[in-house]
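Here come two complexes built around chain A, the first alongside chain B, the second alongside chain C.
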Partner chain A sequence: MIPVVAESPAVELLGVTKKFRGGLAVDNLNLTVPRGSTLGLIGPNGAGKSTTIRMLMGTLAPSLGQVRVFGLNVANHAARIRPRVGYVPERHDVYPWMTVSEVIAFTSAFYPHWDVGFCRELMDLFALDGRKAVKHLSKGMLVKLSLLLAVSHHPELLILDEPTSGLDPIVHDDFLEAVLRSVCGRGTTVLHSSHNLEDIRRLADSVCILRAGRILVHGGVDQLLASVKRIRAVLIDGHLPRWVPDGTVSQKIQRREWLLTVDRFDKSLADRIRRENPVESVDVFDLSLGEVFKDYVLGGAEP
Partner chain B sequence: MRIEPDSHVPVYLQIVELLRSSIAAGVYRAGEGLPSLRVLSTDLRVNPNTVQRAFDELCRQGLIESRRGVGMFVAKRGTHSATARAEETAQAAFAQAAAAALAAGLDVDRVRELFESALPSASKKSRTKKTGVPS
Partner chain C sequence: MTRLLWKDYRLNRPLVILCVATCGLVYLVGVGTQIASAWPQLPSSSDWAGMLVSSGTVAMYLTICFSGLFGGHAIACERGDRSANFLACLPPTKLQILASKLTVSAVAMASFWSCVLLTVYVIPPALVSQPSHVGELATGSGVVSICVLTFGVGWMASAVLDKTTLPILVALLSPVAVSIALILVGSVLRIPQARVSEWSNLVSVTTGLSAFIAGSWYYCRRVEP
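Here is the complex of A and B:
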């Protein structure tokens, strides 16, 4: 029997762990992506992003825990889930011997909801030549074809695995436009793994920072930028900090300058740093998503 | 129109500011429609949920109103409200700059001078003309 779960989230990871011979690639991940939202998955190379995505796609089984898509366990219902998902992989290894039109015809046969008109619209937008052999496509064209194949059936969940790495700025921009055209007004859920934090800022509602297979932080992008701040204190000569706040993500001291990045910032925190430490002044600075990311990943704070 | 993905300012507020200044400048006048969610989302390269949040905020501020199934329109007093909002934004920016200058140890008179010097001298002239001070 197939469980009918109408209001279940698009994606749920429940205690998901993946062990390889070399060690833990993913370590007890718990993550929910509500329907209609876009999650940015970011982290340094080897953080476990691609492993997580492969488990979502059902091409890799978790060692422990459960992966659920639309409330269905991927381990038992991969065939039911697959037609509702669009996937743009990191490497675009689509049938090099076929022409673009052949690949499209071949792929469309797997999807009952293939939208011929939308597929045509994207071919025009991308200036994709149907007669061209896939093996002769440039890297940028290959990425566009890969996206076209992933979205022409209007998936309910779109998974993008570092799709824009190595693209020139114009192809990159076309790619963003096509992603937005395909999700607009459809309530599509998107899981977007990327090293491009500007893309994440443009496209994501929430963000999840992974490091060494673990979640360092997960939350709304705006909430994250409102709560993580950098504080610069100037130390009185010959003194070191006495009180370091609990939510310190990273800190360093250079001559008189004590720089610390803190989570859960509010004004009373700055006041307390001023009160409890031998400092001449305390200033608070806003951070970009890129700076927040760097401080979390390099900061060494345990999740 | 563009947004700054590197800024700490929430993207939806950046869109609110873009649309507000377009309404204040008369790009969209009272009673006229705004570009659709789909058009703004693809043009600005921003998630449609974020554009919707910007629309919601502008509705809350009374600058635009939703007509079911048709889209967003500039409210009757939208142009006026958009201009009033511009004053608030400017006031907040001045307040922040003043606080920073005072914190850095400048005295009040010097801060006042700095504000004066930041204003272009041409605008002072044009104001004199408007009020019609006889020369």
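Here is the complex of A and C:
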């Protein structure tokens, strides 16, 4: 009996842990991605992003916890889930001996809602030659083929696992354009793992920063950028800070300059820093998503 | 399912070509030998019948190797080039994937066996207007049981391992292993060798089928592609 769950989120990770012999790759991850939203999954190498995605695709079993897609447990209903999901992996393992046309014909046979017109449109956009063997495609073309295969059936959930790493800027832009074209106005949920924070900024509604298999922060991109600020205070000569605000993500003291990155910033916080510490001046700066990411990852803040 | 069958046929095509070429070579050598030995006359019908039986018997024994090749190649070949990762993210279920692989291997083996049966048991008696070599069917059934063994063991090893070389090797060595095991069992339990030999077909088929079922079960249970 297959449960029909109409209003469930697109993705739910409930206490998911994955242990390998080398240690914990994912540690008690709880994450919900509502339908129709775009989540950017970012983190340093080895943060557990690809492991999480492999568990979502049902090609890796969690050691603990439950992975649910559209309310269905991936462990039991992978075959029901896969027709609704498009996946562009980091490494493209398409049959090397097939031609582009053969791969498309092979893949399309498994999707009842395969959009031949849209597929043709993407082939033209990507200048993909149907007669060329997959093994003779460049990395950029292989990524484009992989995206074409993932989106031509208009998936309800599109999972992108660092697809643009190592691509030249032109292929990169073509790729993003195709992603936007395929998801626009269709209510597609997108889970995009990437090291390219500009892509995340452009595509994602919300962002989740992972480190060592744990979530450091998860929230709306705009909300995050509005609440995380950098404060630069100039200390009075010979003094050290006395009061460090709660929600400090990272801090660094160089001579008299005290640099803090704080979460949940409001104006009263800057005033309190002035009052409680021996400082000459306090300035507040906005941060880019990249700076927020670096400060969270390098700052050593506990999740 | 049609596309899966097409994909598995394409994956196995090099093996099919290899097997057809090997069998063809065996028959070609047989034809050449007959013509050379009868020269300058043409070989008689009974010569042709004899040639077909001897070449067909060699081809029959070669099917043991072919079934090991098909079994050992079936699943691991897609892990070898990592295309199993691609397939694992597509909608077909593991049972469908296995059914397609089994169908292609079974059709290929059935084709070789049809050829062997024709050349050993059907055509030669017709050429010399004699009854069929019914007595030799016993040899045929023995070879079939070893084919089941090599295919099943190869299939199981292929389901577990990531490269095709070892599964094929294991499959080809499995008849030797079963023979040694039977001899050992016979000598330990003091059973006459003739009696033990009678069991070989049953043991081969049982081991082959068990390995096939175990391999299929493992493949379906395994989460990683």
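Assume the second predicted complex is superposed on the first by the 303 of 303 C-alpha atoms of A that agree within 3 Å, B and C clash if a C-alpha of one lies under 4 Å from a C-alpha of the other, contacts with A are read in each partner's own complex, and residues count from 1 in each chain.
Keep this in mind: a residue touches a chain if its C-beta (ideal position, glycine included) is under 8 Å from a C-beta of that chain, and two chains touch if they have at least 3 such contacts.
Just so we're clear, the structure is a prediction, and the values are computed from it rather than from any experiment.
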Exercise. Please indicate which partner A:M57 is in contact with in the superposed arrangement: first for chain B, second for chain C, both, or neither.
Key: second
Quiz item: Does the superposition put A:R201 against chain B (first), chain C (second), both, or neither?
Solution: first
Exercise. Mind working out whether A:T38 is in touch with chain B, chain C, both or neither, as first, second, both or neither?
Key: first
Quiz item: After superposition on the shared chain, which partner residues are touched by A:A105: those of chain B (first), chain C (second), both, or neither?
Solution: second
Exercise. State whether A:P96 touches chain B only (first), chain C only (second), both chains, or neither.
Key: second
Exercise. Have a look at where A:A79 lands relative to chain B and chain C in the superposition and call it first, second, both or neither.
Key: second
Quiz item: Does chain B (first) or chain C (second) touch A:E280, or do both, or does neither?
Solution: neither
Quiz item: Touching A:D222, do we find chain B (first), chain C (second), both, or neither?
Solution: first
Quiz item: For the complex, which residues does chain A have touching chain C?
Solution: 57-61, 75, 79, 82-83, 85, 87, 89, 91-98, 105-107, 109-111
Quiz prompt | Interfacial residue positions of chain A with respect to chain B in the complex | solution = 36-38, 173, 176-177, 180-181, 183-185, 197-199, 201-205, 221-222, 225, 286-290
Practice problem: Using the touch rule from the top, collect the residues of chain B that touch chain A in their complex. | Solution: 3, 5-8, 10-12, 37-38, 41-42, 45-50
Quiz prompt | Of chain C, residues touching chain A in the complex | solution = 2-3, 6-7, 10, 81-86, 88-93, 223-225
